[in-house]
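Below are two complexes that have subunit A in common, paired first with subunit B and then with subunit C.
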Partner chain A sequence: MLSKKIKSLSLILSSALILSMGLSACGSSDKSAEAPGTSQAASGTGTAAASPDTQLEPYEINWFFPNGAQADVNLVAEEMSKITKEKINAALKLTILDWGSYAQNMQIKMAASEPMDLVWTDGGTLPYLPLVNKGAFTEITDDMLKQYGPNILKGVPETAWPAAKVNGKLYAIINTQVLGRTPGILFQKKYVDQFGLDLNSVKKLEDLTAFYEKVHAADPALVPFEVAQSNSGGIFFNEYSSTLGIELLGRQNPAAVYISDDSTKVMNYFEAPETKEYLKLMHEWYLKGIIKKEAPMLKDVTPDQKAGKTVSIPTVVNPDTAANVSSKLGLKAEEMVALTLSKTFMNTASIIATMTGISKTSKNPERCIMLYNLLYDEKDTKLFNMMNYGIEGKHYTLAGDVATFTQNSGYMLASGWENGNMFNSYRQSEAQPEWYPVGPDMNKNATVSKLLGFNLDPEPIKNELAQVASVVDEFYGGLFTGAVDPETTLPKFLEKLKGAGSEKIIAEVQKQIDGWKTTR
Partner chain B sequence: MQKLRSNKLNLIMKFILTIISVLTLLPLVYLISVSFSTDAGIARYGYTLIPRSFTLEGYKYIFKVPRPIITGYMVSVTVTVLGTALGLALSSTLAYVMARKDYRYSKATSFYVFFTMLFNGGLVPTYIVMTKLLHVQNTIWGLIIPYSISPWFTMIMKGFMETLPFEIVESAKIDGAGEFKTFVRIILPVAKPAIATVGLFYAFAYWNDWWLAMLYISKESLIPLQFLLYRTLSNLSYILNNMSSLLNVNMSNIPSESVRMGMAVIAAGPMLILFPFFQKHFVKGLTVGSVKG
Partner chain C sequence: MNSISKELKEFKKNKDLFFIGLPGMLALFIVCYLPMFGLIIAFKRFNFDDGILGSPWAGLDNFKFFFTSQDAFRVTRNTLLLNGTFIILSFAAAVFVALMLNELNKRSVKVFQTVLFVPYFISWIVVGYLVYGFLSFDYGVINSILKGLNMAPVDWYSDPKYWPVILTASYLWKNVGYLTIIFYTGMLGIDASFYEAASIDGASKFQQAKAITIPLIKPLVILMLILSIGKIFYSDFGLFFFVPREVGALLPTTDVIDTYVYRSLRVIGDLGMASAAGFYQSIVGFLLVLGSNLFIRKVSKENAVF
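Moving on, here comes the complex of A and B:
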């Protein structure tokens, strides 16, 4: 009897063993393809970045970033590797994860200390600061940048670096794009012409009321000013606040400062008279039919855009915005015209919106910087554009510096803001202005936040922030889409905010800012 | 009198059940309807039960580049078939052993299985075991192994097997059958309802899963259908919600409403067809298993 039991037990055990052996065999064949050898720090000669260094050991750079899935990603990575092998003796492996699951996936990978080299990070999707505090990234020293990344230092405006530093130390390379944000409105040109709007005369949103009224009167089916629950005009105040001279720390965080205020006194931005004026205007527009009735409930604006009913879209205006947005409306870039409402404003959030860190588990951080140096190369943009547009002839065709995508080609990342210097990217249409010198000039001339480099530590006010955020969520949609009257609702909202602890938040933020100023 | 009352009760029950079934069916009808509507039509009329602007554009769009959907189908079918077979093999053997009255550690084993229902390894340790010990990432096993034995399904199976008379095992032994032969030739045929039920559970779990693909798969050729769908939808909602924080998102590959719903219809299809075939066993297996559960 007993021997029978032992026999059956051993059967189970041995089958489990066989199974696991089979599995590890499957896995190991896969693993041998991974990083060959454990090459240590490259022989640090100053010439490493500039010329091919035969002393560099072969290495594979493992890069993780979020984007839409690309069928030919391995093909493109192989093609890119040909260039990088020649220049820095490193192959490249690209792993694209979708936006929705990127953060969760990466956090698990980091917790499991999986071998990784480059990891995309930002302020909100996969937040930079907590990862730095957890020690997920390797410090990037000034010497490393000077030695291996001269192009990076050239490409990133000097004013921007403090935003990415934590306690004076840098943990990620800033991806260069227009690093500030320029609030503005994009119009369909035909309506601007038809109703005689002089864009030069528009200084603030109020100046547009008459134009929008005319549009609505002419055809009520049109959407004069695009507003939806969680995008477009619904959260346009995030951008427009800088036109009004207010710097927000976050949409759900009431603490804010006036941009021109040298004493950086923290206030509640929902209480600011400028905010009230804005809300009143939105409510007026809502009642006049300038804003769609469904706006507070509306989630998806694409049907209106595709139907060509959208007359104007409040947005961040960059040199390529018209070209990008026009395709959504089925228009050409020159059929849209952009109005900027104020100067570009650069703050911590807008700068850390897209960065690439070097994982603590990377065995060769120097090589990662060398790779980034190649992507930042102004003179030879082939590698960078290959990453974004794929292989010439297969995925796109090039005429001058204008890339035309091949339909359903299997690769079209077109996200230069995510992997280097956007300004080195090919243009996507003739109508798009060239990046040089417009882009770098925008960065150079931007108004810079007085709080650059300040990062709020939410820990001491975690509960208040959560409670306040839920109050904000309750009222924000109604107020900022103009659906409810600010005269009656705003006081109720402010009352509830106080109850949720907004004053404590403001005091704590003030304390942290004051403390940060003394250490600077 | 008695009969009248039971008739009345019957009618009320039928009424309630009708409402419930309508409530569950309506979203599905909407889904199918939207997949045949144009975006402009949706914008004008809203969602309607019968599409007022009929179009096949959504499906045309999906099948224009059918490669991801076809690979997705193949991966999902492979994973479901292999996973269900493996899951059934593991849980039926384990359940049988636990149900055997002459197995001294039956209680201890049951407790061990039950314990994992309350406390599991946690996400990160599980991930480490899967990727560093078993190296299943980016292989088909990454989609199969983690779900290959479910304590809950095993307990259902055990509940059913405990109702089988022990005498049949003994008589098999007297007839000269070994343990394995007894299990395969005697127990499995008798346990058919439980096997069908638990098999369907496993099949559902595998077919509907996108989580494992998210964790372990980054190779396009191993993306199952559900993850394909999940990815499309989550990307879309992410981009719509974060439009202002990303200065330059490429919007041209965002599908229209009808395309999204079309994909949902295609992904849901096989399970809808499969279910009725199992229904007979399903009901029986559930009730029988629960007697002693």
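Moving on, here comes the complex of A and C:
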């Protein structure tokens, strides 16, 4: 009897122990995560005080952004701090969070009003607009930019700023890259030469039919025009629509406007005659074998790419695209050529794709702008490149302006589009054109959306958006990979869209755009 | 009063056993009952700032999206018909296969058991690729055979009419083994003296199965059946999402409630609307369990689960 009691007691005790262990484990991990941060902050400010610059108070800038983990991040931050202490008497602390947990972590930190300075934000991962509405960011006034950030004003094209403004006020600095999107096609150069395609004569997709037919006739195993269910091919219309003069608000949102239309009249882009022409062409190509028979169910294009069977890839063309994509096909950068189909098109989504805001909890927003000003400095790109490539000799080697990473070195960020002016970056290959003046020119010459700065509030039409999204999914793949005949399927699709409420969506978007225009 | 004291007595008597069961019951409570509180999200206009309790009430607004949809009938029909077919065919097949296993000697049973059970552990994503290997237009096994027989290859992934059969076949291939093992285990528990007596009386194998085996595993089959019916409104998401490879043209016969809700809401990501769909599925599932048990109680009372 007694031994039984002892047994049951020990059972209770052990289960209690297990539970308490679980609890304490949670608690202690919290503490250990917090401790190094605070101690480092203390040491950072301590050393900064020794700096000779007496005009500015010493400060430590706390910067959060998403990327893959970097083992040597503190080492690089220390090295960067040497430069920043000298120039603006501020030390730097970098916190890199992985993409998957970035948004959640930052929302918790913001809700808890943790002290932070710079916070990376965008349109989708950690969406800018809701954060501004929640008051997460400090306003960045024109005077602040003029006084502390002249390089920023020089680097960001003036046309882009309205996209980042909410009710006329700016809450984040735009990270400069090619801010618009340029629809185009990448070709394997050997086929272009072999079948005598003159890229300069190609003005629209239709001009390529004869070339693709020749390619297909020569070897039916080749993939002349890469289209698949889930890659750039299947959703190429998102980009190519700007060549046709249409601006989309989103692939699954039928509401769209004509880029050149000053009255910004909203229409259904699936009903546009341009779209129908495109679908007819895709269907023609599909029947001719230019598009793979399996395109509507194909999810992975890498086997064809690796086998070198892919002749051309429709995509967004940037100066470094050929160099980036060629490696996937096992080719050298110069073995691919890019054709651009129309001018670069810049709209809200393409601009706010990467920005850095100053947290409301920052004690020194001015110093944050000063730091960003250093990263935007075209003449002295050392600090910017240190952040992206690490310490020279340890993490990378430099030949001219081409940086080569040391394998397994502990720091390989190479993410200049996240933290300043991408155009200040070293190149990673000789074949890539130099960013100056190609990059800034693309931004300067881009066609600018008339809806720059407009953001749709989905709340009044969310039932319709959900139903429409489902209908689009049902028909999009078949139509846009060319597998089905638009003459018979498009009318069915449009009718079903109406049944799901596309007209209500268009009316509501028109109402919101009209309202937005009067407040501008 | 009397019954409470009886319960207490029972508890005192089996105190140790109750304590052993405690962690399990706690886990059940935490995993299955606490989250039910979250069901109120289905009736709220949820936002992160106000939290679950603080968000404003939305009435039945979140349910509108599904019930006003022109596809509501189609996906409900597909869900019920396909799942119904799955249940009937998989149970019939499993009972049949289990009966055959029962007639084999122990060594060969092990081989068959393993062969039948393996598909159950293969993920739907892999099954999706296997099916694709069979049905791919250019390189698929079936089209290669058709070509070898001088017949025109079939474009399986563009015509929805083939898909109820393909889905059913995939489901059976993956799940029959699992059910078979359960039924076979039930058959092992049957007293061998029944069979001895029957064979002395000259009963054939078929008569033995009909008169002994099937009646004795009936309660087990009915229990499994009621559990399956409870899930008839939930579809095996992996099957309906990965096997048809998200090809839009196949949706008329492959779209079920789960995939419809997933496709509609992955863009908007509205928690309230997704919870409303889940709530609807749970309620219907609950009613179906009650209904089928009621039906069984009417037909044969001793076999009802509760």
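To be clear about the criterion, the second predicted complex is superposed on the first by the 465 of 520 C-alpha atoms of A that agree within 3 Å, B and C clash if a C-alpha of one lies under 4 Å from a C-alpha of the other, contacts with A are read in each partner's own complex, and residues count from 1 in each chain.
Everything below uses one rule, namely that contacts are C-beta pairs under 8 Å (C-beta built on N, C-alpha and C of every residue); 3 or more make two chains touch, one makes a residue touch a chain.
All figures in this text were calculated on a predicted structure; none of them were measured in a lab.
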By the touch definition at the top of the document, which applies to A:299: first (subunit B), second (subunit C), both, or neither? both
Touch test for A:476: subunit B only (first), subunit C only (second), both, or neither? second
Name the contact category of A:431: first (subunit B only), second (subunit C only), both, or neither. neither
Once the shared chain is lined up, is A:252 touching subunit B (first), subunit C (second), both, or neither of them? second
Which partner chains sit in contact with A:267 here, subunit B, subunit C, both or neither? Use first/second/both/neither. neither
In the superposed model, does subunit B or subunit C contact more residues of subunit A? B
With the two complexes superposed on chain A, say which partner A:199 touches: subunit B (first), subunit C (second), both, or neither. neither
Let me test your reading of the model: by the given contact rule, A:467 touches which partner, first (subunit B), second (subunit C), both or neither? second
Subunit B and subunit C footprints on subunit A meet at residues 4, 7-8, 12, 230, 299
For the complex, which residues does subunit C have touching subunit A? 15-16, 19-20, 22-23, 48-49, 64-65, 68-71, 132, 136-138, 157-158, 245-249, 251, 255, 260, 263-268, 270, 273
Using the touch definition from the top, list the residues of subunit A that touch subunit B in their complex. 1, 4-5, 7-8, 12, 20, 23-24, 26-28, 30-31, 68-69, 71, 73, 95-101, 104-105, 108-109, 111-112, 114, 122-125, 177-178, 181, 230-232, 235-236, 238-239, 299-300, 302-304, 306-307, 315-316, 318, 320, 324-325, 327-328, 353-354, 408, 412-417, 422
Going by the contact rule set out above, which residues of subunit B touch subunit A in the complex? 39-40, 42-43, 64-65, 67-68, 93, 97, 102-104, 123-124, 127-128, 131-139, 141, 145, 179, 214-215, 218, 220, 223, 230-231, 233-235, 237-254, 256-257
Show me the residue ranges of subunit A that touch subunit C in the complex, using the header's touch definition. 4, 7-8, 11-12, 15, 107, 134, 229-230, 250, 252, 293-294, 296-297, 299, 458, 462-463, 465-467, 469-471, 473-478, 483-484, 496, 499-500
